Amino acid sequence: MFWQIDLAILTLVVVTAVASLMVKDLLGAAILFGAYSFLMCLLWSIMGAVDVAFTEASVGAGVSSVFFVAAVFRTSRRTKD
Amino acid sequence: MNMAELIPALIAKYNYWIYITLMMIGLYAMIAKNNLVKKIVGMNIFQTAIILYYVSIGVKKGATIPISAGGHGAAHEAVHAADYLNPLPHVLMLTAIVVGVATLGVALALCLRIYNRYNTLEEDEILAQIRKK
Amino acid sequence: MSQQYPALLVIVPLLSAFAISIAGWVNKRLCFPIIVTALSVVVYASIGLLLTVLEKGVVIYHLGGWPPPVGIAYYVDHLNGLVLVVVASVALLNVIAAKKSIEQEFPDKAGPFYTLYILMVTGLLGIVVTGDAFNLYVLLEIAALTGYGLLAMGEERAPLSTLNYLYMGTIGACFYLLGVGYLYIVTGSLNMVDIARLLPPLYQSRAVLAAFIICMVGVWLKMAFFPLHAWLPNAYTHATSAASSLIAPLVTKVMVYVMIRLILTIFTPEFVFATLALKNVVVWLAVIAIVMGAILALAERNLKRMLTFIIVAEVGYMVGGAWLGNRAGMTGAILHIANDALMTLCVFLVVGNIVYKVKGYAFENLQGLFRKMPFTMGAFVVGAMSIIGVPPTCGFFSKWYLILGALQAGHYGFMAALIFSSLVSVVLFFRIFEICYYEPFSDHHGHDHPPEPMDEAPLTMVVPLLIVAVILILVGLYTVDIVNHIIKFAIPEGLV
Amino acid sequence: MKIIGLIITIVTGAFLVYAAADFPAWADPNSPASTYLSPYFIENSMKDTSVPNFVTSLLADYRGFDTMFETTVIFTAGLVCFILLRISGRKEPETSHYRHVLTGVTVTLKEGRKIPASEDFERIDDLWTPPDLIIKTGCRLMIPFIQLFGLYVIAHGHSSPGGGFQGGVILGASIILLAISHDLRTALERMREKVVAILCPVGVAIYAGTGTLCLLLGVNFLDYSALASVLHVDPIAARSHGIFMVEIGVGIAVMTTMIWIYNNISSAGKYNQGL
C-alpha cells in the first residue's frame, strides 16, 4: 500500500464530488457521480474493505448510475446550478 | 500547536478530514442547490462520506482483509485477531450502501412525479408555479 | 410461547407484509383480512409483553441466539412496553377506520398501500423494541421509506413536499448513523446497554459529546422539533387521510421515544443533565417551538394544516418535558407520548371522515357539520378537549405533570409556554366549533332552507373513532395507575 | 439560501473537526473499535459457523437481523417506486406499431387493432430506433456470462468477497443490460412485471421464513443451529447452510427489486419504450 496513491485517490474523490455538483448538465452530473462512486470503491478496496468495495462497485457505480441516467432521460438534462 | 506537530496530526487523520470535507460538500449541496436531482447527488455524496468514515474505523495497521487465510479446511488453526481487519464496520456499511440505493430509487421516483406535473426540476420554478395558482 | 412475544411483534407484521404484497397480485380482497389479523396479533403480543414486563421486569430476547453485545438483542422494559401497546393499537384502529377511504381514493393500489402500511408499523415497532443502536438506524430507514411512499400518494403537491421530507429525513437518519459511528469508535460496541456501561470513563471526551449532539440533531430533524420542522406541515397536509392518520400520530412520537431512550439508556441522565450545560438551552428551544407552533396554527385557515402545526407544538411539549431533567417532567413527557398519539389519531380520523364525506378540509367546508355528522364531531370535541387539556381527558394529566416538572425545575418560561399554548388551542378549536355549529349561509332566494339531513360517515369509520374517543377519557381516568405501575419504573432511579 | 447553507455547513464542519481531534489515530490496532468486539468475530467465526469470510458470517448470522431488514428496505424501495410511478389501468394506445422483421417495414394500426402473434412481426413503440447490431450482439453474448458470474458471487460468498447483495445486483444488472441494449419490451418478455413483483417479496420471505423455521423448531428467531435437525448435519454446518439459504433469498429480492425500480423509472411507469 503506497500512501501516495492513497492520498491521490482521496483528493480525486473530493474533486469528482465537487465536479459532479458544479457541472451544468444533469447527465454529466450522473456520469461524474458514477466516477466518484468508482473512486470511492477503489479507496475502500485499498483500505481492505473488499465486501464494501464490491457492493459499492455494483450498487454505487453500477446500478445507481443507471437509475440516474434513466431518470435524467425521462426528465430533462437542464439545470441552472 | 506548532507546525511540526500539526503536519503529523493532519496526516494521521487524513481520512477523517476527507470524510468531513465530503460530508460538508454533500450537506451544502442538499441545502443550497436549486435543482432537485443535484440535491439527490448531494445526498448520495453525504451518505458515502459516512460510509468512508465507518470504513476508516475498520482499518488496522498490519492487518489483511477479513477473510480467513486457511479457507474451509483450517478450522482448527488458531486465528489471530490482530492479523485481520475489523469486519464489523464493513457489515454495517453494506447495510448503509443498500439503504442509500433504496433512498435514491425513491427520490428519483418522486422527481419523475414532480417533473410530470410541473415540467421542470428547478425548485424555484416549481414554487413559482404553485404560487401563481 | 410467551418468551417469543418480542420476536412475534416484528415477524408477524413482516411476514404478513409479504403475504399482502403477493395477495395484491392474486386476489385483492384478501389484503384487508390479512392486515387486520396481523395487527390484532401484534396488539395481543404487545399487551402480553407489557404484562410480562410488569410481572417479571425487563425482557431480553437474543436474536439468532447470540448473547449481546455479539448479537442483536431486544430489550423490553416499562418504557417501550408502554409505547409498543400505543403503536400497535393506533395502527390497528386506524387501518379499520381507513378501509373505506382507501377504497374511495385509490382502489387499484390498495394491495401495495396495505403492504407499505404494515411495513411502516413493523419499522416503528422495531425501533421501539430494539436494544441495538445500529439496528435502530435500519428500522428508522424502513419507517422513513414507507412513510415517503405513503405520503407521496396524496394530492398533486404531495410528491414535492415528500421529496423535501426525504431530504430532511435522510440528513436526520445519517446524522444518527454518524453519531452511532462516533460512539462505536470510542467504545467499540453497538449494544445500547453495553455502550452505557463503557461510556462513563469517557464522559469528558469530545467524541462522546459530538456523538450525543449529532444523534440529538438527527432525531430532532426526524421529529420536526422547531426550527427543524419545516418539512412536516406540507408533507402531512397533502397526504391522503389514511396515510396521514397513521403517520401523524406515530412517527413524531416514536422519535420522541428514541430521544428519551438516548437520554435515559445510552447516555444516562447523569451525563445529559449533569455533565452537559445544554439543559436550559434545549428547554428554551422547546418553549420557542411551543409558542411558534401555536402562533403558526392560529394563522391557518385549513383544518388539517392547523393540526400539523399543533403537532409541532406538541413535540415541543415532549422535548421540553424530557429535558427539564427531573422526574415529573420525564413522567409528563412519557405520558404525553401515549396521550398525544391517541389524541392526534382522534383528530386526524375526524379529518379523514370529513374528507370522506365533504371532500375538503378548509374551514369553509366545515359549516353545518355538527348536524350533518354528529358522532364524528362528538369525537372531535373530545379530541379537541384533550389537546386543550380539559379534565377528565388524558391531555390534562400529561400537561399537569409537565407543569409540575417545570415548577420543580424552576423553569417558569416553559410553564408559561404550556399555558399560552393551551389558551391558543382554546381559541383554535372553539373557532372551529363555531364554524361547524352554524349552518351554511342560505342563498338569497329561499330563507327557510331545509336543514341538511344527517349524513354520517360509514360505520367502519365512526366506530373506531368513537373507540379512540372513549380511550382518551379512560386513559385520563386511569392516569394515576399508568404512572404508578408503568412510567415510575421506566425512569431510572438516578433521576429525581 | 446559499448563505444559510454555507453557515450551517461551516458550523457543522468545524464541530466535526473539533470532535475528530479526540479520535484514536487512524489505523491504530489498539483503538477500542479494534480491540473490544471485533476480535470475537474474527476468532470465532470459523468455530461457530465454519464460514471463512468474516463479513458474511457477521452479516448473515451474528447480525442477521439487521440484514433481514436491509433486504426489507430494498423491497420497500421497489414497492414505493411501483406505487408512485406505475400508471394503472393500462389503456392500449390509439395506434400501435408493428415492424416486419425481415424487411424492416413499419405497419401502423389504428383503433386498437392487433396483428396476431407471429414470427414475422414484432411490436414496437412510437419512439423506436433501430438497435445497433454490434451492441445488441455483444450484449447478448455477455449477458449469460454476467448471470453466471452473479450466481457464482452468491454461491461463493462464504469464502470470498460477495454474497447475496452483490450477486443479486449483478443478476439484476444483466436484465437491465438487456433492457438497455434491446428495449424494455424484450426485457419484460423475459421477466414479466407480475413475476418480478411476486418474486421480490418471496425473496425477503425466504429470509424471514428461514428465521421463522428456527423459531418453530424451538429456538430463537434466526438461530440457524436449529436447522441441524432438519438438514441432518451438525449445528455448525447448519449455521453455514442457514447463511446460504438467506443469501439466496437476499439475491432473489435484490435482483428483482433492481429490475423493478429500473422498469418503473426508465419508462416513467408506462412500461413501454424504456431508455
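Note that the chains take the letters A, B, C and D in the order they are written out, and that residue 1 is the start of every chain.
Keep this in mind: contacts are C-beta pairs under 8 Å (C-beta built on N, C-alpha and C of every residue); 3 or more make two chains touch, one makes a residue touch a chain.
For clarity, every value in this text was computed on a predicted model and none was experimentally measured.
Chemist: Hop distance check: subunit A to subunit D, minimum number of steps through touching chains?
Modeler: 1
Chemist: Please flag the chain sitting at the greatest distance from subunit A, going by CA centroids.
Modeler: Comparing chain centres, C lies farthest from subunit A.
Chemist: Could you let me know which interface, B-C or B-D, is made of more C-beta pairs in contact?
Modeler: B-D
Chemist: CA centre of subunit A versus CA centre of subunit C: separation in Å?
Modeler: 38
Chemist: Could you work out how far the Cα centre of subunit B sits from that of subunit D, in whole Å?
Modeler: Whole-Å distance between the two chain centres: 19.
Chemist: Per the centroid of Cα atoms for each chain, what is the distance between subunit B and subunit C, given in Å?
Modeler: 30
Chemist: Just give me the whole-number Å value for how far the CA centre of subunit C lies from that of subunit D.
Modeler: Whole-Å distance between the two chain centres: 32.
Chemist: Which positions in subunit B are in touch with at least two other chains?
Modeler: 14-15, 21, 23, 27, 56-59, 63, 65-67, 88-90, 92, 94-95, 98-99, 101-103, 105-106, 108, 110-113, in rising order.
Chemist: Where in subunit D do residues touch two or more of the other chains?
Modeler: Touching at least two other chains: 16, 20, 23, 31, 33-34, 37-38, 41, 53, 55, 59, 63, 66, 70, 73, 76-77, 80, 84, 161, 165, 261, 265, 268.
Chemist: At least two other chains touched by the same residue of subunit A: list those residues.
Modeler: 50-51, 55, 59, 63, 67, 70-71, 74 - these are the residues of subunit A that touch more than one other chain.
Chemist: So with touch defined the way it is at the top, what topology do the chains form here? Options are line, ring, star, complete, other.
Modeler: Per interface graph, the chains form some other shape.
Chemist: For this structure, enumerate the chain pairs that meet the touch criterion.
Modeler: Those chain pairs which touch are A-B, A-D, B-C, B-D, C-D.
Chemist: How about subunit B: which of its residues touch subunit D in the complex?
Modeler: It is residues 12-17, 20-21, 23-24, 27-28, 31-32, 56-63, 65-68, 70-72, 74-75, 78-82, 84, 86-92, 94-95, 98-99, 101-103, 105-106, 108-110, 112-113, 116 of subunit B that touch subunit D.
Chemist: Sort out for me which residues of subunit A touch subunit D in the complex.
Modeler: 50-51, 53-55, 58-59, 62-63, 66-67, 69-71, 73-74
Chemist: Would you mind writing out the residues of subunit A in touch with subunit B in their complex?
Modeler: Residues 7, 10, 13-14, 17-18, 20-21, 26, 29-30, 33, 36-37, 40, 43-44, 47-52, 55-56, 59-60, 63-64, 67-68, 70-72, 74-76, 78-81.
Chemist: Residue numbers of subunit C touching subunit B in their complex, please.
Modeler: Answer in residue numbers: 134, 138, 141, 145, 148-149, 152, 156-157, 159-160, 162-163, 166-167, 170-171, 174, 177-178, 181, 184-185, 190.
Chemist: Would you tell me which residues of subunit C are touching subunit D in their complex?
Modeler: 4, 7, 11, 14-15, 17-18, 21-22, 25, 61-66, 69-72, 108-109, 112-113, 115-116, 119, 122, 126, 132, 134-135, 138-139, 141-142, 145-146, 148-149, 152-153, 159, 182, 184-190, 198, 205-207, 209-210, 213
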